[in-house]
Amino acid sequence: MVMPITYYLAVSCALFAIGVVGVLIRRNAIIIFMCIEMMLNAVNLALIAFSDYYKAIDGQMFVFFVMVVAAAEVAVGLALIYVIFRNKGTVYVDELNIMKW
Amino acid sequence: MSIDIPSISLTNIGPLITLSVAGLLLLLVDAFSIKGVKKGHFHQIALTAVLIALVQTVWLWDRQGADFSRMIYVDNFSFYFYVVFLIGTGISVALSIRYMEEYHKSCGEYYALMLFAAVGMMLLAAGGNLVTIFLGVEVLSIPIYILSGMFREEAKSNEAALKYLLLGGFSSAFLLFGMAMLYGGTGTMYLADLAKVIKSGGMNPLTYLGLGLLVVGFGFKVSLVPFHMWTPDVYEGAPTSITAFMSVGTKAAAFAAFLRVFMEVFPSVRMDWDMLLWVVAVATMTIGNVTALAQTNIKRMLAYSSIAHAGYILVGLVAGNQLGGIGILYYLLAYTLMNLGAFGVVILVSRKKDSCLNIYDYSGVGFQYPGMALLMSVFMFSLVGMPPTAGFIGKFYIFSAAVEAGYIWLVIIGVLNSLISVYYYLRIIVIMYMYPAEADLGPVPLNATMTTTLVFSAIAVLAIGIFPNSIYNLALSSVKILGI
Amino acid sequence: MLIDYLPILVYLVIALGVAVGMVALSEALGKKTHTAVKDLPYECGMIPSGDARSRYSVKFFVIAMFFLVFDIEAIFLYPWAVIYRALGLFGLIEMGIFILVLAVGLAYVWGKGALQWE
Amino acid sequence: MNLPLLVGVLVVKTLIVFVVFLTTIAYVVLMERKVLGFLQFRYGPNRVGPWGLLQPLADAIKLIFKEDFTPPSANKVLFVLAPMIVGLTAFLPLAAIPFADKILPDQITIYGQTLDLTVASLNRGVIADVNIGILYIFAVAGMAVYGAVIGGWASNNKYSLLGGLRLSAQMISYELALGLSIIGVLMLAGSLSLVKIVEAQKDMWFIVYQPLGFILFLTAAFAECARTPFDLIECENELVAGYQTEYSSMKWGLLMMGEYGHVVIASALTTTLYLGGWYGPYLPPVVWFLLKTFAVIFFFIWVRGTFPRFRFDQLMYLGWKVMLPLALVNILITGVAMLYF
Amino acid sequence: MNFPILSILILLPMVGVALIMMLNRENQWLIKGTAMAFALLEFIISLPLWFGFDGGSAAMQFVERYSWFPAYGISYYIGIDGISLLLVLLTTFITPICVLACWEDIQSKVKEFMICLLFLQTGMIGVFVSLDLFLFYIFWEIMLIPMYLLIGVWGNPARRIYAAVKFFIFTMVGSLLMLVAILVLYFYNYKVTGVYTFDLLKMYGLQIPFMMQFWMFLAFGLAFAIKVPMFPVHTWLPDAHTEAPTVGSVILAAVLLKMGTYGFLRFNMPMFPDAAWYFVPLFSILAVIGIVYGALVSLVQVDLKRLVAFSSVSHLGFVMLGLFTYTMAGVQGGIIQMINHGLSTGALFLIVGMVYERRHTRMIADFGGLSKVMPVYATIFMVVTLSSIGLPGLNGFVGEYLILLGAFKTNKVFAIFAASGVIFAAAYMLWMFQRVMFGTITNEKNRNLKDLSMREVVVLLPILVFIVWIGVYPNTFLDKTKASTANFVAMMEKAKATKVAVADVMVKGDQR
């Protein structure tokens, strides 16, 4: 039951692409944020697949770090979004327009 | 199960440890207000740490090799950047003091985060493995996300932080995907091994994809066109001291990694990326400069100009020769000094909170505060690239590198861009010296540390501009490591 | 390798079947009547006031964020713990540093009063 | 390898284990009522069947036939989904918990076909001996919080929402302590597989080496199951019934099954991690395992009958400021001890 | 040569700057005095150059060379030959005059003004004495900053900023392209010789392919042409001159414009001789256009200063024409004309400035009959005007005569057109003089104007002395430049000869 690496890659790329598109078209900061996380997880998938493919541990180790980083990013991000929601009452990036985008 | 315990020497990352420990200490001191440490004096801890780290770096100089199972390079290239980051951090810390007091935020975590960001920068410059590089990027970025949003009550600050976070995260994801692809294409994450594989004809669709995505990822961090959209907003909204810090720190760190990765891993496939970077460099310089022309907010102006500077620096990378490497290293040091100096004056002039950020608020500063105006002029002329300042020598190196490599047109576009930049940098000087003061500007609350720092920066800008030899030699011994 | 997870898949199917089946069973068997008062959200017999989905204390968010960070950090301890015997003193020192950093983070959060519920 | 046959055996084995598990849950409810009655000098249920032994059956029939009411103001999909999640997350961890050493021979012959039962640990007293068993359990059990939050939010009831939020805050707070407290065990066992962990206790239960870890784990487990003294989410005098307020019929039944399922799982896990799992003299492994588990369950009920409830701030205080640092200390102590003793 | 006289000349003003920075800004007298003292000291120190200079040698003299930036082959390499000798002396000579001239003119921000002035002096001297391309470029750029500030801060309020920025940007355009060219040259030199150097004299001997010369000549040429200013890129000059304070205009006219012509002479032509020959027609035509255009435009000016400014365009056209003849007469004429222009146009600006101080207007129409109320002024004005026109016996004649002589030898058409410039010059200058000085006093405000003060006479007198000196006995100056000029002409001839030889070979090859 060994799956070819291309399957994993395809899923990973698809996830990544969905994430990118989500970031680009969605306007809700939280959803954008989730899309970014999805991109990171897509990468994780790819890394693990490669790691398995090369029978090397590097990729899996990298995934750990990515997870940590993602968590830290989420912590900061949610805090920020919360503050913004309290100050402005919205999390839609369109409405955050004191400065030009 | 047997595990090879790598022999590691913590002294090799002494500066990083110092800064981290100091950062943790700051957090504790802040949270528990230990006796004998006044709340307002956190910056002293931070500055001390920076100094110690600087001494450590100097002491480490000329060590060679790698440590932590080759995850971290211990070489002059890293050390050079350590010095740049430490100078940048030190100056930024000094510039923050009054700014923080004004906001009644004499908070330890502010300085702690700065130190952590500096650690990230160092990690980025020293990374010998894609993992370390990615970690560096994030350890650098995450504190800066927070720092940009430090002023919780200010909508602008919030907005800047969120924008930076979203786009920063976005770019990290690209960078990461690129790294994954490189890994997938070659089966290794060590830069040295990657280079070997690629040199022996290991380029395949995955590695090409990885290469491209790396450019995107780094491009975001150093704000290359077309990945520059975040820069002006974030620079404008973030607290000025942080804008200063990130404008130099992030850029220098990302360029360090950019340079290391492209010079070490991809030199054998130069043909594949030099035209790409050529175009990006031209676009970056031009768009940065032209847009900067239209700005009236000085922070925005400096933001766009920083984009332009990224373009100049990229020229050095396109050149890709030894001189180019030296040019980039020198330029980043010069840029650190001059840009921080400029932001320092901006902080001084914006007397009350973030007022006086319009360039016309500088009317009459020239003769009311001759010292400050003189400093600003030095920094502006340096940013323009007038001799005998550091900015000139930096551009000189970079452009001469490109000439040497045969990119005459790139250089011509570069100098024409410098010309455009003359206009908006000069405008500040015009306004300072040639416009009448609209009203009495009132006292500028000077602070001994800040003043000393700014004077130091100005003198340094002139000194390394007039006597670039020592820096050249340092940079030379650093770039040699890259094998160019 | 993968075959080791087959039982889990089987078990998942069965458990899911049971869970869904139970709900479906009572859905199918129980009778349904609606009255105006019965349809109201339960507030001890009072007429409900205000929207139930209002904002709630920031504390919950803060806790969630702390968890996120600390839990992920804790995850790092697992692989380490498994091979601790092989790592020996080296592992202890490394993880000691790691735990120290975690502890400083906790102390900071503590000192700043973020763990204070009231 | 004959896959269909393998799956067939697997299904049978799994079904048996699962039914036993469900029955256990049902009887834990009864046991609780009986024990609480005993502790309070009264009888528990004693009308349905001898000593009330058929009470669970009666309850089940009642629940199934009760009106399945979904409040119109609730979010329908989520409202239905929540109990399923709660139920599932209580059922699923069982898959990785070993209840005996070997229960079947390595090879059996069915319909003339020889089947190698070592594949997928079919011969062992565990549904799935995966090498990351403990992670699996945490991963699945951690999802329980979704059930509570979704249920609380979907009900569109203030009590529910607050209950759900409290539960989530409580669960994630104690999940940290829970996760960190078992690291000592992992260090001793050197594996994440629960089977390996049990096997590592052949000579000595880990509770001996890990007294602090055991206490922390058990406390955290109480909180995770939202049992007294941490049952703030449904403390009837504050929040009616917490996130369960709007639920009725079998949906509520699933919630209850989830709750008691968690208790059973937590007890089984305590047994596995600290009390030597199936090991014990004279009696068969399964019996030992059940004995130990029920002892822990009894302890759960005993505590419920004895302790007062915490206030929410006290709960948070305990979780973050006592348990978490202690868990970290425990790791260091274990580390040092393993090096030098 | 032991005594580092040139370095002292470069550094002394900086010492003055440092000193003035420390003075209290309230004490204007002290500031002015210090500046004056330094300017005079500078002049005195520069005098030994004249006496110590060996006019019979074309070699660089007073050479100082220190390794500055060895890795790059940059050195602090300075020295003068006959050409730069005169220009250095002109600089040191003009500066004290300027300090004295602005004694009362500049009232506000005196401290900064003096700082700029002395700073500027460093830059100017540096440009004239640098023999290292890199060093030269640095001085070339540094000099921009104080001049820019002089125009922008102390200029005419209405349009000073526009003028200052225009000046700055025009100059930068050229100089940045020059920087690129310098770099290209530098690396070409390395490729050919294997030595990293910015040494100018080494570049002279370099054999550069023609196409490269072509572009390099253009790149360098643009920088210098803007500075000269030559015809199509001259537009910054009238603005800068008009808006600058008197002293700014004087220095601009007297010294800064010379840097352009000096640059052609020192860098462009010897380094890229083939291209230099190639471009003779183009640049000669531009020079002639400059002469005629400058003169014609001067005719219609209503503003005194603007008129003088456009006359500069015309005069410098002469210089360029002279240089591009590559003949002994033409080049020497060009050199001497540089000095002449420095003296007479500088004096003209001073004169205009003096009347401006009194009347605060520069419109020709506002004046008339000044000779009656200001006889001394009128006399000096007359002499300077005539000098500018090129009256025999005064300096202008010498230069223009030599240039036309050179031009006639090489291309008569250009010479004829250029000669017409002399006539136009007479026309606009004399007409201007007449309108300002003669006639009846139409404007009552002019009736009570004071004649020149002692200080103002002292300012102008030294210039007059030289105007007459050069006019009567130019050989004093020509002798000093002779050897250097001869050397230059010989270099150019040699290049032409090789080019002809190459062409011959090619032609013969064709025939075979």
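Every chain is named by a letter (A, B, C, D and E) in the order it is written, and numbering of its residues begins at 1.
One rule holds for everything that comes next: a contact is a pair of C-beta atoms (placed from the backbone, for glycine too) under 8 Å apart; a residue touches a chain by one contact, two chains touch by 3 or more.
Which chain is which protein? Per UniProt: A = NADH-quinone oxidoreductase subunit K; B = NADH-quinone oxidoreductase subunit N; C = NADH-quinone oxidoreductase subunit A; D = NADH-quinone oxidoreductase subunit H; E = Proton-translocating NADH-quinone oxidoreductase, chain M.
All values reported here derive from a predicted model rather than from experimental measurement.
Any chain that touches chain A and also touches chain C is listed here: B.
Taking C-D and A-B together, the chain pair joined by more C-beta contacts is C-D. Central chain assignment: B. Criterion: smallest distance from chain C-alpha mean to the mean of all protein C-alpha atoms. Distances between chain centres, each the mean of the C-alpha atoms, put E farthest from chain D.
Measuring from the averaged C-alpha position of chain C to that of chain E gives a distance of 82 Å. Chain centres here are Cα means. That of chain B falls 40 Å from that of chain C. A separation of 52 Å divides the Cα centre of chain B from that of chain D. Distance between chain centres (mean CA atoms), chain D to chain E: 95 Å. Residue positions 3, 64, 71, 75, 83, 88, 110 of chain C are each in touch with at least two other chains. Across the assembly, chains come into contact as A-B, A-C, B-C, B-E, C-D. Across the complex, chain B meets chain A through its residues 130-131, 134-135, 138, 142, 145-146, 149, 152-153, 155-156, 158-163, 165-166, 169-170, 172-174, 176-177, 179-181, 183-184, 187-189, 229, 232-233, 236-237. In the complex of the two chains, the chain B residues touching chain C come out as 1-3, 5, 20, 24, 27-28, 30-32, 109. Residues of chain E touching chain B in their complex: 68-72, 109, 112, 137-138, 141-142, 144-145, 148-149, 152-153, 160-161, 164-165, 168-169, 172-173, 176-177, 179-180, 183-184, 186-187. Listed in rising order, the residues of chain B touching chain E in the complex are 366-367, 370, 381, 386-388, 392, 396, 399-400, 403-404, 408, 411-412, 415-416, 418-419, 422-423, 426, 429-430, 433-434, 467-469, 472-473, 476.
Considering their complex, residues 83, 86-88, 90, 101, 104-105, 107-112 of chain C touch chain B.
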